[in-house]
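Presented below are the structures under discussion, each in the form of structure tokens.
After this come two complexes, each holding chain A, first together with chain B and then together with chain C.
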Partner chain A sequence: MFLRVVLAEARKNLKQYFFTVRVLFWTLALPLGNGLYLYFLYLPFGAETVSLEFSASSFTVDLAGFTLIGQLLYSFFTMMLLAGVAFDRERWQGTLESVLLSPANRVAILLGMAIANTLNYLWLLVGVMISWVLFLNVNILIVDPLALFASILLSYLSLAALGMSLEAFCIHSRRAHMYANMLQEPIMFLSGLIFPLQSMPEALLPVSYLLPLTFGLISVRLTLLGGASIFDVAIPLTVLAFMVLIFFGLAIWLMGYAERSAKAKATLTQF
Partner chain B sequence: MGVRRSEFAVEVRELSRDYISTRRNHLIGKKTTTIVKALDHISFEIQEGELFGLLGPNGAGKTTTVKILCTLLEPTGGHAFVKGYDVVKEAKHVRKIVNMVAGGERMLYYRLTGRENLTYFADLYDVPRKEVASRVNRLLELVGLSERADDEVEKYSKGMKQRLQICRGLINEPEVLFLDEPTLGLDVSIAKDIRKFIQEKIVKEQGKTVLLTTHYMYEAEEMCDRVGFLNNGELVAVGHSEELKRKMPLGFSIELLVTRLSNETLEGLKHLECVKKAITTDYEGETEDEKIDRLVINVESDKAVPKVLDYMSNKHCRVVAVNLRGPTLEDLFMFYAGET
Partner chain C sequence: MVTKVMALHSLRVIFAAAKFNLIITLRFFSGTAIALRLFAPIMTLGSAWILYNHIYQGALAPEFGSSGYMSFIAIGNAFYVFVFAAAFVVGRVMFWERAAGTIEATFMTPMNRLAYMAGIMVAAALNSLIDFAAVFLVGIPFGFQVTSPNIPLFLSSMLLTAFALFGVGLIVNAITLTFRDRTTTANTLMILYLVFSGLVCPIELMPQWAQMISKVLPLTYGLKIMRTSLLGVAASGVTYDLAILFIMGVAYVLIGALTLKLIEKNLKKKALLSVF
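So, the complex of A and B:
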């Protein structure tokens, strides 16, 4: 039953929201454009490489790769925020009642929505990667494939879980969409997406270290572009693993709480 | 499954629901709280296989009642049971055995085809996999949508969407079906088809229990075994419509189409001894040179007819048509809604 609902929800979301030429085009065009914009913005300053420091280690990666990974993970984060407002979308189109009227497991519904967004992201990932590697000659240096795999997986799971928490919150409030938009820019700034963390004012670093995107960027950049091993990225991976647990737990709890609270406050189907 | 606590298909006991809204008048001012009683201790029950109509004006509490019974809203007081299961404490059980169809063009995914919509909901309700295709086909055939099953819903007409909604409402073969104004906005012939379908296929053939809310009194009159009237959150009458009509204190109604009706004549009419109530209702008509008004006059017996006609004649009103009838559900509705 659980898996069946996950798959049904993922299929429905793909067909209802993503499988149109327009959506597929912009899914690819926006991050591609944004990434190129950042890359060409940095070039006149003569910085063809970027030094990444984390813990006691220091790695040097090329600018194109640094910007590429930043943009890719940020796009994924944005997509998960969009997944986060999936219930809001259901609310506005008048289908939320019909979904919540069913006995289907609510966490399975959340997972299905997240999977649909992930599949949409794969299209973006492949498209943007190919474009950048072909046209901007990104220097890829993978020494430890296991470390890379763990970095991508944990980054994915932590961001997906964060999105699911927000998604659950959407059941409770129609303002969730607004909160998602509010989060976007500060997270872009604080996560080290545009510039390396060591350039960030120290006072802001504690906030950066609360964000899963920060650790995702560190671990993927180091393992894909800097040749880091699993030991080099052990700390960010451990933090990411904790974040996965915390955000998944939060999503499951929030889902139950939000539905109960929305039914009590009569906000479930409020537009 | 939980323990059954009621012998009725639906049992509502002292059910209440308050809507609380808080508002701050100024940016840093005090919050003011407003409480609206949507339901005020209502009680009724619905027998197995019965088609029960819940009637009332806008804001009477009909949809609130349906939402509570479907587990989409929690009551602030009282209890409700569907097939013996408490809608709050045993919501999961209730969701498996109920479904709801609402009026309007909601509750469907427009970029999915009719078949995809039904298959999706079959998955959410865990309909046995082997049965999904045949059940979907059977339902589509039942509402005459087989030929358009693989078209996207956005290409459907309003009536087709509503028929597909009914299929969605039946996908889990619910024991109790809630129909919240299912013919809202549909044209006469489609609404008639849907009413016939509900009565014959859902209630008579399949023996399902149905709670119907509607604004259309002829719909309730034609379809429902029993009706309940809600007004301002209170259930003011429940029973068989014929029984309620007999009990109604307004007696007969004379419907008159008249010309040259003045306010003075209408006021005088209200003071006739045989007249209990007299109101003009919306009527758009005119003779060659005069405007026609429609008058509904409540009288105790048919003996009042000649007296009323004499009065109208003395006041130089021209009576174009006369109709004497017993009370209808519409009269009951107007009476209980306080509009007579």
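So, the complex of A and C:
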């Protein structure tokens, strides 16, 4: 039953996303454009590499790779952020009450939404990777494949868990779309997507460390471009593993709380 | 005499459309929406400031030239709000007419379509002046400085770019009417302008293939003229840039007006105006 709900929800969301084939073009054009924008931001300095420092170690990584990895993880994060508006969409369609009246497992619904967005992300991943490797000759340096695998897996899991929390949070809010859009730019700035974290003003660092994207960017960039081993990225990987648990737990709790509260106050479909 | 009456009528349409849109903007004024529009330029200014002052400590590539880096970035970002006005506001006029259920009535009126769209562009441009000024003001603490102002050139760059972008808006409208799409075309255009117009990097430093794309975008020339008018650099090629921008504007407006006319005719013939 749980699996059927996950599959049905994922299928429904995929169909809603791909309402026309032109969506595919847009899915590829936006992250590619944003990535190039960040790459061009570095060109006035004549830079070809970026220095990354973490936990007393220093790595020099390729500039094109630095912006590519940043854009790929950030796009996944944005997709998860936008998954948060899925309940808002149900509300517009007038189907939110039906969804929450059904005996379907709520976590399965959230999981289905997250899976649909992850699958949509695959188009982007392939498209952006191919175009960047062809046009900008990204230099890849992998020394520890296990570290890279763990970095990618934990980054995606933590971002998906955060997305699920946001989905649950958005049952309560009537401004989910606005919040999703509003969060994008500051997170881009604070996560170390545009410039290395060691250059971030110290007052802002505590906020950066609350974001799974920050640690995802550090670990994937270091293991894919800087030749870091699993020991070099042990700290960010541990933090990411904790974040997976915390955000997943938060999503389950928020979902239950939001549903109970909205039903008690009869505000489910109120705009 | 007939021409004079038609010109007066078109002026009235422009005025009415601008007034109507400005009233709507004021009625639904939202401080949050303004703040949201300013997020992207502020973040870019902040990032550029960190790159320039902390990471590269003021060292620029020799090809960058003599203009101040932060002023270069601030002008690029401020000018970009015009793209929003053209691609997002003018480009989606027909989408919103359709969504509001007024598209048939709009197309049945005997008004000049171009005048109607020009009125909306005027309102959008006036509205975007708030963002434009705000980005410059925000840029001051980051290091934005006007070193050699040339007001006539500054105004020319704004007017000519607005004219060319109006043509782009007309083309986007035609595409939107045909494909019934709301944001895809406008978003794609925004990205093209954002990346290839030289907002954050001189065109000469971009890869060859990117330079080729930048040459067909009116914002590229508008930006160069505006930077010249405020920073006083690269003044030698400004006549050429003005001429190209003017020719490009005329071409885009002609193509936009023609495609809009053809598409309107086709949609009326097939009774598809209000079909989503």
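General remarks:
Here is the rule we use: the second predicted complex is superposed on the first by the 270 of 271 C-alpha atoms of A that agree within 3 Å, B and C clash if a C-alpha of one lies under 4 Å from a C-alpha of the other, contacts with A are read in each partner's own complex, and residues count from 1 in each chain.
Everything below uses one rule, namely that contacts are C-beta pairs under 8 Å (C-beta built on N, C-alpha and C of every residue); 3 or more make two chains touch, one makes a residue touch a chain.
All figures in this text were calculated on a predicted structure; none of them were measured in a lab.
On the shared subunit chain A, the superposed partners chain B and chain C are arranged side by side without overlap. Of the two partner chains placed by superposition, only chain B is touched by A:G94; chain C is not.
In the overlay built on the shared chain, the residue A:A104 is in contact with chain B alone; chain C does not reach it. Touch criterion met: A:V5 reaches chain B, while chain C stays clear of it.
In the overlay built on the shared chain, the residue A:K15 is in contact with chain B alone; chain C does not reach it. In the superposition on chain A, A:A264 makes contact with chain B only, not with chain C.
Here the smallest spacing between CA atoms of chain B and those of chain C, following superposition, is 10 Å. Shared interface residues of chain A, touching chain B in one complex and chain C in the other, are 20. Taken together, the chain A residues at the contact with chain C in this complex read 20, 22-23, 25-26, 29-30, 33-34, 36-37, 40-47, 135-136, 178, 181-182, 185-186, 188-189, 194-196, 199-201.
Of all residues in chain B, only 17, 19-20, 67, 70-74, 92, 95-96, 98-100, 102, 104-112, 116, 119-121, 123-126, 168, 172 touch chain A in the complex they form. Interface of chain A with chain B (complex): residues 1, 4-5, 7-8, 11-12, 15-17, 20, 93-95, 97-104, 260, 263-266, 268-269. On the chain C side of its complex with chain A, the touching residues are 32, 36, 39-40, 42-44, 46-48, 50-52, 54-56, 59-64, 69, 72, 179, 181, 184, 187-188, 191-192, 194-195, 199-202, 205-207, 209-210.
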